[in-house]
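One chain, subunit A, appears in both complexes that follow, with subunit B as partner in the first and subunit C in the second.
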Partner chain A sequence: MRKLLNTLFITTSNVYLTLKGETVVVSQEEDVLGRIPLHNLEAICTFGYAGASPMLMHACAEKNVSLTFLNAHGKFLARVIGESKGNVVLRKTQYRISDSEIASAKIARNFIFAKVANQKWILERATRDNPLRIDVPAFKQVSERLLEDLKKILACEDLELLRGLEGQAASAYFGLFDQMILQQKEAFYFKTRNRRPPTDNINALLSFIYTLLAKDVSAALETVGLDAYVGFLHRDRPGRASLALDVMEELRGVIADRFVLKVINKKMLDEKDFIRKEDGAVLLTDEGRKKFLQAWQERKQETLTHPFLKEKINWGLVPHAQAMLLARHLRGDLEEYPPFLWK
Partner chain B sequence: MLILVTYDVVTKTAAGRKRLRKVAKECENYGVRVQNSVFECVVDATQFKQLKLRLVNLIDETEDSLRFYQLGNNYKSKVEHIGAKETIEVEDVLIL
Partner chain C sequence: MGINEEDYLMLSGIQHFRFCARQWALIHVEQQWEENVRTIEGQYVHQKVDQPFIREKRLDKLIVRAMPVKSHELRTTGICDVVEFIQDPAGISLINEVGKFRVVPVEYKRGKPKKEEEDIMQLVAQAMCLEEMLACEVPVGYFFYDEIKRREEIQITEAHKEEVRQLFKQMHHYFTRQHTPKVKMGKHCKSCSLENLCMPILNEKQDVKSYMRRYLV
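This part shows the complex of A and B:
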């Protein structure tokens, strides 16, 4: 497995990025804030309306550094991608499968299976670790329900039905999410999932982390030569990276949700890191966003043994590992797509 | 791994000053300038070979000198900084 390189986050809004030689120069008006050689970077992620020079975009596309622009609130604006690399045969296989509902459902089933299995594991782990602070019977009950759902998902060959099963499982899981928040209960509570815009602190964090994860997954899929915009479970829609969303399903709970819970339960963020706008939208402050990104970056450096590859990798490389396995499946080297089942 | 590159290029002549600029520029492509003629480069073995080759081709071996210090992968405990000129560590969290 390759080495996970660093991500450069730009959170100051009036900063401009240029290329000098093979180095990214971060400058604010006349001052140079930093120079980072491109070969040390995996991705550049900018917030606010900072710009980047076309030469830098060129270099990033060429060297496979993902360059993403998000607005100040973390909403995705654009991503720079270069010439389509990789294998045209692989992409055509992907399109053919995507065009067939039946073939799509076979792969989509594995995404959803892993998503629900991972959610079940999160609930079981909460029951094991904090039996005195949560409603154990309720957790047990939902866990058993999810087990039933898993059996149904495994036998399901219809996309519409699959979406229904996923939705039911997700609402059962999110019904218990609030109980897994153990600290700072007055500032952090979870009622339902809401977005565009998120209207409470937890939803703001979830939306933000999902955006960051989607960006990583998209980049990983592009790296192995797949088209991030053509999905199996998520249908085509202009501007939506459907395949990235597909692959992300299995990672949402185990990577993103758990990370958000950790940040709150370990008190890495508090009430002061959020602002509420007049329209009810909740945003992270600049300071809060920095702390959150810092924690996320550290989390990505932690290692795990990949459950399928049995190889030690960084958490940040999990999207790459899954993208690679998906490509292998589409090429016919693997009988089935092995989703990320974390234990 | 971390490589520390230091150099001395004689700048008495115009040709020497030109070499100095070229050496500095090449080092900037690979690492971070920590002091005037001192660069810290986080590179892999191939990149190190490339860097070395390029620098050797730039200098005049009768007058200038180059030194490479290999600090390995666990270099964090081996480097200490005191005083002004805080530098960027390319493997740390990068938020600007």
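This part shows the complex of A and C:
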């Protein structure tokens, strides 16, 4: 499996990246701030309007280092993609399935199944770990409800119905989300999911982590030769990485939500790391963003045993493992796509 | 059927195919390969093609490096590391050269002698290309081992040639169907650079349905 190396995050906006030999040079006007050998990197991610030289872009594309530009708020702007891999057969299969609602639903079902199963597991973990802090009967009730939803999802081969089931399950799960925030309750609370712009601290963190995860999933899909923009559950929309969003469904709760809860419950961030704009939008401060990214990097290095492959990998490689499994399913090696089911 | 050289397969693929049909398909049909294979092969080929047609003349020998070859019978194209043309009255004549020559392919190998069937297949396929292109007989070829600077002679037998024909036939068959054969896990997987892409362990996995059902409790 791919080695998980570091992501270089550029959080200052007036920084320029160039390539000298095999080394990425980070500079600000005349000053060189740092040099990192390209082969030590798996990804480069810039915030604000940092620039990068075409040479560097080319080297990244060639060496499979993902290079992504986000704006200062963490909104996705652009990504460098090189010459696409020659895997025409795989892509054509992907397009054929995407064109058929019925065939798409078979794969979409597994994404949704895993999403809900993982949400259920998060709730169960909370009842086990913090029975005195949460409303256990309410958690049990929702968990049982999600079990019923899972049974329905497994039998469902209709995209519209699947989306409906997914939506209901998500609102039941998010209905309990606030209770899983155990620290700093005055500053961190959750009412409903809101975005564009997020208007409270938790939603700001959720939006940000989803963007980071989506970028990792896109890169993983492109690495195995899939087209991140052609999805099964999410239909085509210009500029939207639909397949990345599909695969992300099963990873949102188990990777992103849990990470946000951990950061707050372990007090790795506090109220001072956020600012509220005049329009009500909530943003991370530069300092807050740095802490958050640092914690995210560390999280990605932690290991787990992949539930289907039964192999030890880093959390950061989970998107790669799923992309690989999806590709192998599309090529006919597996009768179904095995989603990431955490337990 | 007309000759459509677009459908010709890479000669070097025969060694992958002989090693493992799935490995060949991952590289040549799906064009998936991991960085390490690609860069190493890339550099290696590069060194060679950087100096095509540098003819070296020594006493009784004409040495041609990185010689492109093809065979319409096998429907393949490739590059021979080195082809030696050795003065021999029983040989064939070449354009712009005086005298007659024997044709001998030499394949360079890194490391020590460890000739595997798949290497031999590659050398035989090259010999067959040369025979067809030059209308001659190529009864022997050599491996040259870089590390010990020694060569080893290989007899190109009719049995070898028949095996090469059969292998190419199967390769074309898979290629036309764009088919990647399923995993046949074996000890060759241990030394396979595509193990991560191929995921041979998928073969032993429980089926996905029961994997998912486990969560319905």
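Simple rule for what comes next: the second predicted complex is superposed on the first by the 342 of 343 C-alpha atoms of A that agree within 3 Å, B and C clash if a C-alpha of one lies under 4 Å from a C-alpha of the other, contacts with A are read in each partner's own complex, and residues count from 1 in each chain.
Basically, a contact is a pair of C-beta atoms (placed from the backbone, for glycine too) under 8 Å apart; a residue touches a chain by one contact, two chains touch by 3 or more.
Everything quoted here is computed from the prediction, not taken from an experiment.
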item: Subunit B versus subunit C as contact partner of A:90, first or second or both or neither; value: second
item: Partner chain in contact with A:274 - subunit B first, subunit C second, else both or neither; value: neither
item: Partner touching more residues of subunit A, whether subunit B or subunit C; value: C
item: Contacts of A:36 with subunit B and subunit C, given as first, second, both or neither; value: first
item: Partner chain(s) touched by A:111 [first = subunit B, second = subunit C, both, neither]; value: neither
item: Touching partner for A:63 - first (subunit B), second (subunit C), both, neither; value: second
item: A:298 touches, of subunit B and subunit C: first, second, both or neither?; value: first
item: Touching partner for A:332 - first (subunit B), second (subunit C), both, neither; value: second
item: Contacts of A:23 with subunit B and subunit C, given as first, second, both or neither; value: first
item: Contacts of A:15 with subunit B and subunit C, given as first, second, both or neither; value: first
item: Contact set on subunit A toward subunit C in their complex; value: 1-2, 63-64, 85-90, 110, 113, 117, 147, 150-151, 154, 224-225, 307-309, 311, 324-325, 328, 331-339, 341, 343
item: Of subunit A, residues touching subunit B in the complex; value: 3, 6-12, 15, 20-23, 26, 33-37, 39-40, 290, 293-294, 297-298
item: In the complex with subunit A, residue positions of subunit B that touch it; value: 25-26, 28-33, 41-44, 47, 88, 90-96
item: Interfacial residue positions of subunit C with respect to subunit A in the complex; value: 29-32, 35, 178, 180, 182-183, 196-197, 199, 201-202, 205, 207-209, 211-216
